[in-house]
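Read the structure below first, then the notes.
Going in written order, the chains are labelled A, B and C, and every chain counts its residues from 1.
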Amino acid sequence: MKGFDLTAVTCGYQQVTALRSLTLGIPPGTRVALVGANGSGKSTLLRLLDGLVFPDAGEVRFGGDLLTEERFGEDTFAYSFRRSVGLVFQDPDAQLFNPTVFDEVAFGPLQLAWDKREIAARVDETLERLLIPHLRDRVPQRLSTGEQKRVALASVLVMDPEVLLLDEPTAGLDPRSQSQVIDLLVGWAGGAKTIVTATHDLAMIDDIADRCVVLQGGEVAADRPPADVLCDLELLRDANLVHSHRHGHGHGHGHSHPHLHD
Amino acid sequence: MKRSGRSYFERTLDGLVAGIDRTRAAERHAEDGGLLQRVDPRVKVGGLLALVVAAAFARNHLTLVGLLAVAVAGALLSRLPLGLLVGRVWLGTVLLTAAIALPALFLTPGDPAWRLPVAGWAVSWQGLRTVSYLLLRVVTAATLTFLLVFTTPWAHVLKALRVFRVPVVAVVILGMTYRYILLLLESAHAMFEARRSRTVGRLSPGDRRRLATAGVGVLLDRSIRLSGNVYDAMQARGFRGEVHVLDEFQMRGRDWLALAGFAVFTAAAAWAGR
Amino acid sequence: MHIPDGYLSPSTCAVLYAGAAPFWYVALSRVRRRLHTRVVPLISLFAAFSFVAMMFNIPLPGGTTGHAVGVGISAVVLGPWASVLAVSVALVIQALFFGDGGITAVGANGFNMAVAGSFVAWGVYRLAAGGSPLTSTRRVAAAGIAGYAAINVAALLTAIEFGIQPMLFLDASGAPLYCPYPLGIAVPAMMAGHLTVAGMAELVVTAGVVAFLQRTDPSLLTTSAGVRGTTGSPRTLRPLWVGLGVLMVLAPLGLLAAGTAWGEWAASDFADEAARKEIAAASLNQPPPPAPPQGLARLSSIWTAPWPDYAPPFVRSAAFGYFLSAVFGVGLVILASACIGRVLGAGLRPPDKAGA
């Protein structure tokens, strides 16, 4: 199993510097929650980990291998990496670009040139595991957000990656779907795989992660167990993850305490 | 909804809604258990296309009527309601063709069949023949196309095009385009609805023009950004420049039967229509 | 402008499919070579975008509304080859799934709108924009003109394809089997609508979107702004020659025309009874004059083509003779163009610019 090592990584796009000289290590088998307000660099970091963008300065290594554009030009390296690391995108419209759910889940294995009969079997098995076999021939456009999230997960899990990267997995979901996704992640992980979840939903980080990395302004503001981070109000406020304002609890007098709004 | 005095918004929205509705209806009927739904998509694509070509070649009315009858029979056997066929497919096509072809009744040179009472313009026999050819051909082709699309999930229609040696790249692009047409139709719909709810009174033509181009611009912006994200998502799952599709089609007994049926009808039409 | 089924004869449809096919082939090859870039989803999304944008009502000066086709903006942003694909894809989906345009006419519509439209739009845009900066007003105007020109060229091609139908394809009683309007009616009728309404709609949309892009993301306009390699190496253009070859093989279909094509009569035909009937039938039943017009008689004796009536005497089969003539004719045209190109010189190649 392999882990990630980022050393002094600076990465930007369109005149915006998303990450500044960031150093971070993610050992294999750990579950990390990446939290930060919008614009803190979470998505960019995930893309760096998945070899979709490359740093302007610094290094990103996976299991010791340096991730560069040239490296991804090599077939063997690219295929082995794409199989080992899976990224679930935030926007289901970007993630689900195939005509049917079956085609969507089969896309990854097809690109990896698996045997066609094996692909069909694996796809059905994955759909079963995610409790959506009835969606097999449906059009992604017509599914509910919760169903789309499951299909997106299936399309990545079908390849059985050892690293799972998730970008805001519960964004836009109703509470029941949210808890279903969380249950899934907690159950599947089993401690044997590496999971990095980018989220601004503080309510779930305690369940899904052993370690919480707080990003602020493109840098690591903190790297501690979730319970610790959740108690550190000052940190959370600085990172723009919570706010205080006055409100009433129905007694007629107001007070304020830090909390989240979604 | 009033027909007259519809606002600019309503007209555009209606068009978008019609597009969305048609795709939904097609998907629904394609999942029904009728005759053609159960036939292999490749046989349907090849067979129905052959019939459309036969209709194009036909040189007499009898053949065209025969082909139309076969198409209608296919529709009924596939549980496609006649009302759907007439209302959705025939009405628009006939009206449009009639509008275009009407002058031809008078303009086509030939032996006069009838004269208009006041103006004295002559309708020629040849004019009548020509207009009837046009109408029959257009309606027959439209019915056969309708049959294909309403009895086959569109993903299968596109994959079945491979039987005509259409390259995989084209099939993938076609599939992705259709998928995103649905998305953009709904985006555009939402955009216009939101704009309509904020608009009081009528818009000036200049305003409407600006609205239309702004709408087009926003749609384009969204499309291009989405395409970048889609590309990332494709790459993340191993796409490296070679496209592949998984084709699960297998010919069974009834598919061979259907193929034979199509062949017989096409041959008959080709012979009768020569 | 979408041609439905039934308006064009099968042979016309086949020839136009054969005409569009080489362009599709070359466009796909170029896309395949660039698949490692973002081209596949970009083409799909652009096709989807133009499909939906086509549905917008564009209010025009004068109180009418029109619809744009999107070929203008497609060519400006994607360049001609990718635009051929994007517009063709939109056309196929319109024909198959939305009943707009016939399936037998996909080749014709593709040739008129996707191929001719894209190249005309791209060429006019390049010519009119020159080397002006990406965010200049001149580019907006150039884009508008390019869209306008593209639509009208496509409409003209459509009108010609319509107009030749009643000359060539009639049933036994003389009734046209397909489009009943001859050139004299088809061309003015189609051009009137497109020179005014449809062309204006395309102009408005193409110019408007380019202006929008200039403000939001000018990098998208670099594709057609003087890009190297747009003319393609000789190898990639080979399918075009193949296509030309196919067209020449299909040229004998011209022989399917019942008799002689309109206007191509010899002076002797005016005396021959059968030929006179033919001339009358093809000219809206106006009987030809008893003797050939004097000018025709004089001129026709000046030049006797080496291969009168297209069939070299030593060839027995009419079809083969026609084919040989087509080959020879095309060869002459190609030779002439090559010579002219050489004479005009190599200085016309666009400057190499980085990007895209």
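Just so we're on the same page, contacts are C-beta pairs under 8 Å (C-beta built on N, C-alpha and C of every residue); 3 or more make two chains touch, one makes a residue touch a chain.
Note that this is a predicted model, so its numbers are computed, not measured.
The chain closest to the protein's centre is B, with centres computed as averages of CA atoms.
The greatest number of inter-chain C-beta pairs in contact is found between B-C.
Measuring from the averaged C-alpha position of subunit A to that of subunit B gives a distance of 41 Å.
Annotation: 50 Å between the Cα-based centres of subunit A and subunit C. Here the spacing of subunit B and subunit C, counted between their Cα centres, is 23 Å. The set of subunit A residues that touch two or more partner chains comprises 97. In subunit B, the residues touching two or more other chains are 154, 176, 178, 180, 183, 226, 230, 234, 240, 242.
In subunit C, the residues that touch at least two other chains are 41.
Within the complex formed with subunit B, the residues of subunit C that make contact are 4-7, 9-10, 13, 24, 28, 31-32, 35-36, 38, 40-49, 51-53, 55-61, 63, 73, 85, 89-90, 92-93, 95-99, 102-104, 166, 171, 173-181, 185, 204-205, 208-209, 212-213, 216-217, 220, 284-285. Residues 8, 11-12, 15-16, 19, 22-23, 26, 49, 52-53, 55-57, 59-60, 89, 92-93, 96-97, 101, 103-104, 107-110, 125-127, 129-131, 133-134, 136-138, 141-142, 145-146, 148-149, 154, 157, 167, 169-170, 172-174, 176-178, 180-181, 183-185, 188, 205, 208-209, 212-217, 219-221, 223-224, 226-228, 230-231, 234, 240-243 of subunit B are the ones touching subunit C in the complex. The residues of subunit B lying in touch with subunit A in their complex are 27, 153-155, 158, 175-176, 178-180, 182-183, 186, 226, 229-230, 232-240, 242, 244-246, 248. On the subunit A side of its complex with subunit B, the touching residues are 47, 50, 52, 75, 78-79, 82-83, 86-87, 89, 91, 93-95, 97-100, 102-103, 106-108, 110-113, 116, 119-120, 137, 139-142, 155-156, 159.
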